[in-house]
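Scrolling down, you'll hit the structures one after another.
Two complexes follow with subunit A in common, the first pairing it with subunit B and the second with subunit C.
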Partner chain A sequence: MAERAATCAGCGCGCDDIDVAVAAGALERASGTCVLGDAWLAERTGDAPPVARVDGREVDFADAVEASAAILGDARLPLVCGLGQTDCESQRAAVALAEAVGGVIDPTGPEVDGAAGAASQAIGVSTASFGELRDRAELVVTWLADPVTSNPRLLPRLRLDRAGRAAERTLVVIDARRTATADEADEFIELPPQLELQALWAMRALVRDVPLDRDLAARLPLDALERLAGRLRTCNYAALIYDAGLTTAYVNALGLLALVRDLARVAHVVALPLRHEGNARGAEDVLAWQTGYPAAVSFARGHPRARPGEFTAAELLARGETDAALIVGFDALRLLPPRAADHLRRIPTIVIDPRDTETGAGARVAFATAAAGVHRDGTAHRMDGVPVALRAPLPSDRVGDGDVLAAIEARVTRGEEP
Partner chain B sequence: MPLTLTLREPPAVPLETEGLAPDRLASLRRSEIEALTVWHGNERAQLADFFAVSGDGDEELLVEGDVRRVKFLGAGMTTGRLTVARDAGMHTGADMRGGELVVEGDVGDFAGTGMRGGRLVVHGSAGHQLGGAHPGERAGMRGGEILVHGDVGDQVGAGLRRGLIAVAGRAGDGAGLRMLAGTIVALGRFGAAAGADMRRGTIVAMSDVTLLPTFTYACSYRPPFLSLYLRHLRALGLPLTDEQIEGRYARWAGDGLELRRGEILIYEGNE
Partner chain C sequence: MLRIAQGRVYDPANGIDGEVRDVCLDGGRVVEELPSHAPRIDARGMVVMPGGVDIHSHIAGPAVNAARKLSPEEHRADVLDRTATTRSGTGGTVPSSFTTGYRYALLGYTTVVEAATPPLAARHTLAELRDTPIVDAAFLVLMGNNLSLFELIRDGGPVTEAVAWLLDAAGGYGVKLVNPGGVEMWKHGNRNVTSLDDQVEGLGVTPRRVLEAVATSVDELGLPHPVHVHCNNLGVAGNWRTTLDTLDALEGRRAHLAHVQFHAYGGTPGKRPRSSAPELVEHLAAHPEHSADVGQVMFGPATTMTVDAPVSALLREVTGGKWVNADLEAETGCGIVPFTYRERNYVHALQWAIGLELFLLSRDPWRVVLSTDHPNGGSFLSYPRLIRLLMDREFRNEQIGRVNKKAIRRTVLGDDLEREYTLGEIAIITRAGPARLLGLADKGHLGVGADADVTIYSEHEDREQMFATPRFVIKGGRVIVEEGELREAPAGDLLRVAVDHDEAIERTLAPLFEEHYSVQLANYPVREPWLLEPARRVPAGGGR
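Coming up: the complex of A and B.
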């Protein structure tokens, strides 16, 4: 039995200190993982569906590639979505394919809709890596986020859990209810989610000494927010952790980043968005690097145009405006809103996923690939933007997501080039 | 009979039709109109592939059929009159500079984006980001008038720099977000965060509005300019009462996080 090093991409933490024991080419056990990591590994090491299927029947890989190329070549507005669970190299191949077929590409995960990305382009972000947060941040605030549940190893890695936290460091949790993260905190401030906007604007006023109408703010926990604002103003280094997956309203994301910007006038404060999917951050980074925009990009006219709302995958599908879809590593039928999923059932879909999913079972063409981080090397971007190497502790004779995407791109022909 | 474009059947994917504006079409022959480029998704096509062209008229254009998936109708128009007989798609009247665009039904998101002049009238409801800004631009609508007889979605007049937006129904969340100047009037309720980060300009609320705590009460008065504005809007068909036109308004100044030169005027009655 051999011990091999691995990187977990079960959430946005990208823990690269995992050891897996391998015997006879199969996973024996993993050490250092959390519950999400165990589930992630189990999903990718279970029984895999056939390499290529068309309408549920097993076919040759080359035939499935031809069928995919024909669907995408005939489509007038194909959609490429998913992407948060594959490696950066495959994401890059997905952008190239979207450009070749004149489609729309939008990273789509369980809860991400690009509001945070659009807000960060309007306001700008001050952020930092895990290492800097661990070594420098003396005050950490989680804003309607529950990392103990969504990213279990984050607090220990930042030495912010109760057991590992130094006495001079403080963790404050602001949330609707007492979460698992609140149990680790020094202070818990209860804030109903419908008051989030009011609270953000009140906090911004408090940290900037702008007069505040106390009657309008009467429903807020103003004393606690005032104490927190005072602490943020006087600290040497603070961090605000929020949940990029839950902050779906553009105005809320805007307010949060504006609070960090306002604080930058008087203190060193950074923001860290939590990511649920292993490489959701990488999908945004690759898209921004290749097209100039982090999400919701259309290549229909030959050049990239971005418009959150118009080209956001879930909304495009819900309006029924796309005539084919290619989904990479995302169980869309189960996780998209019902109206979007309904349209997905009506149009031809191509699914590229190492797992056996409902979306794959219902797809016109389904590829089962070697999983990045389990069977294939690659790169993922941690939620703080730091690239980590994904390793391949297990062997596989299958190809990766990127190879399938490149093979389809090589076979696509379109009637007319723009 | 005015120049009429009739959509034969709804396209499978959205049709992008920049430049379908009365002023541009007025100088073209029938064959030239039929040969105009439209984009059906990622495919370049000709107008005649989708629309039947009939009638003739200078400066007046009628669009008929189910054009909910037709984008950019009347974008960039400068003069003349464009009427859409039913619901219109996204980006209707974007970058309009003059003339009148009337939509008899609803209109999709991003209508009147970057508008600089003219008048956009929507008899139904409008989607999100009406009169908003192009992505990456700080300022949205810079002039002209938008009149909506139904409701509007979120972020109406976001980044508004000049111009007037009037809504007979409700407005969604984030109305006047980061607005720089200009005026937004709604007879129905406002959603959350009206006037968030506004610098200057006026938001007029005829019914209750939940204010952000960074707004401060200034006074209660009868703004002389407002009765002029409201009379103008009543002449355009907005159902305003004499009490509202002559009434008292509470003035809340904000957003305190920006210049606090903006105001939200809330109707108080006319005692």
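Coming up: the complex of A and C.
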């Protein structure tokens, strides 16, 4: 049995201190992972479907590439989506393919951070890497976010869990209900979610010392917010943790970032968006460097155009505007809103995923790949933007997501046989 | 094989100043002679120079990419279609990666230095450089606010070994210091340092000690490029004294000052700045071990993007617009503010004028070279206009007449400086000089054995037009640009330094690493071949 170093990409934490015990080429056990990490590994080391299938039947890899190229070539507006669970290298190949076929590309996961991303494009953001939050932040506020559930190792890694937190550091949880994270906190402030925006505006007013609307104030936990605003203003370094996937309203996201900006004028304050998928951040980063935009990009006119909303995968599908889809590492049928999923069932799909998923089973073409971070080296960007190396603790004779994407692209653009 | 026949050749490194002659290329190199049947470019009446070398630019990495995300409006207004040979993209002051490579090549530049990469983010920078075609690219590794280095400096530890290790771990080319100590203080409740002798709180070092220690290490290692310094107090009135203090502190050690225009302000802090360019020019003239790039400001849109995060927070207050701040553990910070330089604005006009003063007063073009600190002072696409300002006195005076008069009065530009750069001097400040300062022996000249990177311009009285649209650009012997069009877009090389370090340094760094980082030491060095290859290693000439 051999111990191999690994990086978990089970969520946006990208924990790179994992040890995997391997016996006879198979996973024996992993240490350092949390429950989500164990599930992530298990999904990628279970029985895998055949390498390539067309309409559910096992075929040669080359035939599946050929069929994929045909689907994409025939489509009027193909969609490339998923992407948050593969490596940056494969994401680069995905953008190249989307461009080659004149399609739309949009990183799409179970939780989409369209609103938070758009808000940060509008006003910018103050942020920091994990190490800064761990070593400098005296006061950390989770704002309608439950990292204990969504990113289980985050609090311990930031030494913010009860057991690891130094006495002089404070964790405040603001949420609709007592979450698992609230159990770790020094203070819990209950806030009905429909009052989120009002609370953000109230906080901004408190921070800037401008009068509050009395009616509004009456509905909010004002004493607690006032105390919090006072603490934020006088600390040396504070952080707000929010959930990029749960922040669905643009104005709320804007309010949160504006609050951080206001605070940054009087103290050193940063915000950290939680990301659920292991490389959701990388998908945006790759798309941004190759096209100038982090999400919802169409190549239909030969150059990148971004229209959040119009070119957002779920909405494009729900409106029935795309006539073929290539999905990378995302169980779209199970996780997309019903109308989008319904349309997906009606159009030809190509699925590239190391896992056995409902979406793969229903696809016209399905590739079962070697998993990034399990069987393949690569790079992922943690949710704080730090790039981490993905390792390949287990062997595999399959190709990775990026290889499949590159083979299809070569077939589409140069007629190359795989 | 390619013969560039009978062009007027400007190859200042080899003492060739406008001689009509042939340049022969074979196997990616300049060669002595070629058989007469070799393919040729008839360059009669054209100007032939080595490919351009940008010594200081921001083209790849997390800060650049954050700026891209911040400017969808600019991207919408400037798009590039996919072609048979090129990827699509978007432009503006922070273009997408492919577009950056193409546009540098179309401008006749074949080598670019990305000037600010935190080693922790090297994988990101490297991946972007892989998607930045044509140009050979190097990057500088940020070390001016590195907590592990601070501790080694404080305790008299093996700084030189650590510097070598960091360069190797990142795949970098040279060492960059940005506002040493100041960015760390920014993370202590939004503070900064204001002089070389301020304490970096709790860390037992001062900017002076950091400068001295790292510059000494760079010299000890014999790195091809000296320590590349972005001084403390950027943008502050009266900061020329800090700049001079920095140079004095580094006397006898090699040093390159980044975008010195931003550090050449007279006056008193908090008051209106004036020019102190002449004082800095004096120092540089007297110190052959020191050099600078100008960091010219050009009117119009820019994106300020700096590791010097406290400066960004001030700019945020000026513009009231978009602002990004990003703290990176143990290493650095980052601030981004989109910005527009306006002719009528006193400060902007002064900055523009100080840049021109630095160029026009400089006595040694080999050591005061061209940059706009892209995209901080303006896009690299504005270089041709800057060249015209330097070469064409009439045009320059006309432009001076349009800008804020009070600002001009605070400079010597109002005296109608006679100097006009010659083509030979332009060749120095845009290729031969930067290549020499970078220690890139194969770049920036056309002697036998040099890289076959050549730019051919049509003679044109309007120097802006001439330099904006080269007729031919040849990279590694391949004709990349012909008649202003991209013909092919091969990948460029990564240029990295080859420098040895004692393996024992990892044991010294391990506990520091454990304390300051949220990644494992074993995962920190970049080893992935797809990020590092193809690369060319430039050996350090170490005295060791």
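A few remarks follow.
Operating definition for what follows: the second predicted complex is superposed on the first by the 411 of 418 C-alpha atoms of A that agree within 3 Å, B and C clash if a C-alpha of one lies under 4 Å from a C-alpha of the other, contacts with A are read in each partner's own complex, and residues count from 1 in each chain.
Here is the rule we use: a residue touches a chain if its C-beta (ideal position, glycine included) is under 8 Å from a C-beta of that chain, and two chains touch if they have at least 3 such contacts.
Because the structure is predicted, anything quoted here is derived from the model rather than measured.
Of the two partner chains placed by the overlay, only subunit B lies in contact with A:Thr322; subunit C stays clear of it. When both complexes are overlaid on chain A, the residue A:Ala300 reaches subunit B alone and has no touch with subunit C. Of the two partner chains, subunit B is the only one touched by A:Asp262; subunit C is not. When the shared chain is aligned, subunit B comes close enough to touch A:Gln198, but subunit C does not. Contacts of A:Asp403 after superposition on the shared chain: neither subunit B nor subunit C is touched.
In the superposed pair of complexes, A:Leu77 makes contact with subunit B only, with no contact to subunit C. Of the two partners subunit B and subunit C, it is C that touches the larger number of subunit A residues. In the superposed model, A:Asp106 makes contact with neither subunit B nor subunit C.
Once the two complexes are laid over each other on the shared chain, residue contacts for A:Asp213 go to subunit B alone; subunit C is not touched. Contacts of A:Asp175 after superposition: neither subunit B nor subunit C is touched. Of the residues of subunit A, those at positions 121, 299, 301, 306 touch subunit B in one of the two structures and subunit C in the other. Within the complex, the subunit A residues that touch subunit C are 5, 7, 16-17, 88-89, 92, 96, 99-100, 117, 120-132, 134-136, 157, 236-237, 261, 264-265, 267-268, 270, 284-286, 288-294, 299, 301-306, 377, 379, 381, 385-389.
Against subunit B, the residues of subunit A that register as touching in their complex are 75-77, 101-103, 118, 121, 197-198, 201-202, 204-205, 208, 210-214, 216-217, 220, 249-251, 254-255, 258, 262, 299-301, 306-310, 321-323, 414-416, 418. Partner subunit A is touched in their complex by these residues of subunit C: 60, 62, 64-65, 68-72, 75-76, 79-82, 87-90, 92, 94-98, 120-124, 127-128, 131, 186-190, 313, 317, 322-330, 336, 516-520, 522-523, 527-528, 530-531. Contacts from subunit B toward subunit A in the complex involve residues 12-14, 16, 39-44, 69, 90, 109-110, 128-129, 135-136, 154-155, 173-174, 177, 192-193, 196-197, 211-217, 255-257.
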